[in-house]
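Quick one: the structure is below, and I'll ask about it shortly.
As written, the chain order gives the labels A, B and C, with residue 1 at the start of each chain.
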Amino acid sequence: MMETLSIIFITTVKTLIYFGILMLHVAYATYAERKIIAHIQLRLGPMVVGYHGILQPIADVVKLIFKEDIVPSNVDRRIFIIAPLISLTAALSTFAVIPVSDSWVISDIHVGILYVLGIAGIGIYGIIFAGWSSNSKYAFLGGLRSAAQMISYEVALAMSLVGVILMAESFNLTEIVKKQAEYPLGMFLFPQIIGYFVFIVAMLAETNRLPFDLPEAETELVAGYFVEYSGIRFALFYLAEYLAMFCMSSLATICFWGGWTIPPFLIKALPILEAIPGIVWFLLKVYFHMFLFFWLRGTLPRYRYDQLMAIGWKVLIPLALLNIIVTSIFKYYS
Amino acid sequence: MKTETTRELLINMGPQHPATHGVLRLVLEVEGEVIKKCTPYVGYLHRGVEKLSEDLTYVQVLPLTDRLDYLSSMINNVGFCIAVEKLMGIEVPERAKFIRTMMSEMARICSHLIWIATHALDIGAMTVFLYAMRDREYILELFEMVTGARLTVSYPRIGGVRCDVNNEFLDKTYKFMDEFPKKVEEYETLIDRNRVWLKRTKGVGVITAEEAINWGLTGPTLRGSGVYYDVRKFFPYDAYDKVEFDVPVGKNGDIYDRYKCRMLEFRQSAKIIKQCIEKLPEGSILAENAPKIRMPASPLKIDKRDIKFEIYIEDKNIEEFITKFTDVYASVEAPRGELGFYIVCDDSAKPYRMRIRAPSFVHAGALPRLCEGSLIADVIANIGSIDIVLGECDR
Amino acid sequence: MDPLEIVKIIKNNFPQEVLWYRCFRDECDITVRKEKIKEILAYLKNNPSLDFDYLIDLTAVDYLGFREPRFDVVYHLMSIKHKHRIRVKAQVKQKECYISSVADLWRTAEWFERECFDMFGIEFVGHPDLRRILMPEDWNGYPLRKDYPVQSDLKEKEWETYRQLKEAAKIWREDEN
């Protein structure tokens, strides 16, 4: 009895810490995005609130919370209200299994990858519901696009991870990280380079980021599925999107970049690096992926809908299948 | 039993939409994402410039023309002035001609910069927008130096220009135009060979040369289809016959070729401006017989010696009518295409009828032809590629 | 080709239709009766030596009080191949305020004719979709006609739709309170 209670207590505390850190990350990811893109585009970005606008995200959150909560009169009220919550809950739940360092994971379940993919899939419901219940044609089209896009790219995303699963012989995310240390370069990035490429592209599509941000294409569908949302509900969608970005970055870090571990050749070259705690490495790798998101947004135009689907089905899925076959053959003979 | 019915989805794009470049409204009948029918609605910015100008003197009309195509107001002014000069028979001094040509080309660069900025933004490349804005800002500052205004300049006058340019302006402009082709290359590195950009623009919104002519397209939109037609070459005005430049012509008539045409025009414009500065003659900037700012309301003395007519019907009043109502049509090559002014004069200082042939109006009319059968995303790309300004379209 | 020559060609081919021509500032315009305007324009377009493939502009001018017939429909034609322009005018009476449409010769005429109809009330027979274009659909009167009131008492001449909207807004506001 005591044991169960203590487990519950520890898990709750862990979750709360996790939650706090995540929220701070999301808030400052928006800030970082604005700053990075601003500097790519010869601008300064937020400069007014605090030193170099450092308090801008907090000001934004306060503003969004205190904004009038508008529910348009001809929406399907219940679903309209539930939709952002579904998206957010799904995005938050994925972090339950993501290990940030050796011992730091809320729930170390054995089918971690499947869990992340499954829960991320639930997030689509939020988007479809939002698009449908808004009773607006732009939102509707955005929702439809999103549904089609996510379903087709989820296939590629899952398949790109099969190679990793084969090599690690486990679905457990902690196991996958540990397994990578056994490989000469310390990460699956090099043997799984095709898988990594497919994963990165599918990741961009899965999180609706440029060049695949069709569901919310500003210049076509105005804002896509959340065009009717405002105030805190709008913020929840935003939150869900950035959480999904973090989730995907973490997954990329864990599955391809060796999570919190440092490649052995680097330790050999610079033994001092070992003193740095694993979580720092983990975060650095995640930040790199986040930067990749922002960088691409500052550089690339947007694909068209049919082209997006063509890339998904005709390029990424065959590539992922090829990767699985190659990996299996290597695995079988080694 | 319940029968299932289907219906097309009608999407109302605009008049408030981030990508319709103003207040254009398109009603799209879509099946999935494919457009079955596209109906443009214009007129949301109709201010009655044509009617308004009937009650103003020629000099007073000039600032109105600024408000047509507000992205290249200089060229609108020049176009109007040329029409009135033709009507009144005013010979513009050489120096003024060169200054006008130079300013027109600067306005063209300005306008094309806005075009590349918004076109790229519509397709999703956000960075180009701000790069283009940076350079536009510099040209606007140059404008401000000479004219005191940035957007609605009202700088040309009937019979010349308002004030002379100084050496500081010329030096700065020359230096900027020297660097400018490099900046164009900068935009091109971002999008020119970008796979996504090519996929979005090549083979999209194709219009053949015959069709483009039939639909009345002008400017780079027409030249993208491979038709060599440029008012500056066909009917030279100002100093365009004294400078050397090429007119870039496309081949396939798709969005990419129209884009390429405009990108090449940037370089030609810079070349023209440099030549204008090199060749800029000394002299006065306003013709002696140019009308004063406070133009008397009536009557207007028009030199009608070259009028020639022949009447084939029996009517005594007709001869009087023919000699009273004179009309001219003059056009300039605006960044969007042929901007024409058709003025009917009844010997008073106010135009009896002023008609503005606006390229944007014609291009907006051709949108259904370009859009039908393509996807929603292509509509946006097409609107960007025909480069319309609704202020000019609705007048 | 010199515009005067083009005018002569038209005169030779349609002797009954041409009323007069005039040249001014190197431009020539030719005034014709409206009945055969489409034939004349089709001839200009299809004759290879003239080749007027491009309709630059189509508009109208109202000569109220100066001449009868009152309107001139003005066509600006250009040939890209031969680099020449011509202006053709067709007279339209107020009583028979219609003229045949040239939208099937030049697609660009479609919108020009709509505008002309919107502004002058001249009907274009055979136009596929003759609606108002710049003014609201339920607008009264034709703004570019010379007898269109420029200044008027707003209360009397207020646009009906706007007045209805204002009243609806008033009722709505009272309901709110």
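Everything below uses one rule, namely that a residue touches a chain if its C-beta (ideal position, glycine included) is under 8 Å from a C-beta of that chain, and two chains touch if they have at least 3 such contacts.
As the structure is a prediction and not an experimental result, all values here were calculated from the model.
Q: Just grab the chain with the largest centre-to-centre distance to chain A, centres being mean Cα coordinates.
A: Computed centres place C farthest from chain A.
Q: When the contacting C-beta pairs are counted for A-B and for B-C, which pair yields the higher total?
A: So, comparing the two chain pairs, more contacts are at B-C.
Q: Hey, which chain is the most central one here, using CA centres?
A: Chain closest to the assembly's C-alpha mean: B.
Q: State, to the nearest whole Å, the distance from the C-alpha centre of chain A to the C-alpha centre of chain C.
A: 60
Q: Taking the mean of the CA coordinates per chain, how far is chain A from chain B in Å?
A: That gives a centre separation of 46 Å.
Q: Report, in whole Å, the distance between the mean C-alpha point of chain B and the mean C-alpha point of chain C.
A: 22
Q: Going by the touch rule set out above, which residues of chain B reach two or more other chains?
A: Not one residue of chain B touches more than one other chain, so the list is empty.
Q: Where on chain A does chain B make contact in their complex?
A: 37, 40-43, 137-138, 141, 145, 210-211, 213-214, 217-222, 297-307
Q: Under the touch definition given earlier, write down the residues of chain B that touch chain A in their complex.
A: So the residues of chain B touching chain A come out as 9-12, 17-19, 33, 120-127, 129-131, 134, 190-191, 194, 196-197, 199-200, 375-380.
Q: Note which residues of chain C are touching chain B in the complex, please.
A: Listed in rising order, the residues of chain C that touch chain B are 11, 18-25, 27, 29, 53-57, 59, 61-63, 66-67, 74, 76, 80, 83, 85, 87, 106-108, 110-111, 115, 119, 132-136, 143-144, 148, 150.
Q: Can you tell me which positions in chain B touch chain C when the two form their complex?
A: Touch residues, chain B against chain C: 42-43, 46, 48, 50-51, 55, 86-87, 89, 211, 213-216, 227-229, 234-235, 304, 306-313, 317-318, 321-322, 324-329, 331, 338, 340, 342, 344, 346, 352-353, 355, 357, 361-362, 364-366, 369, 394-395.
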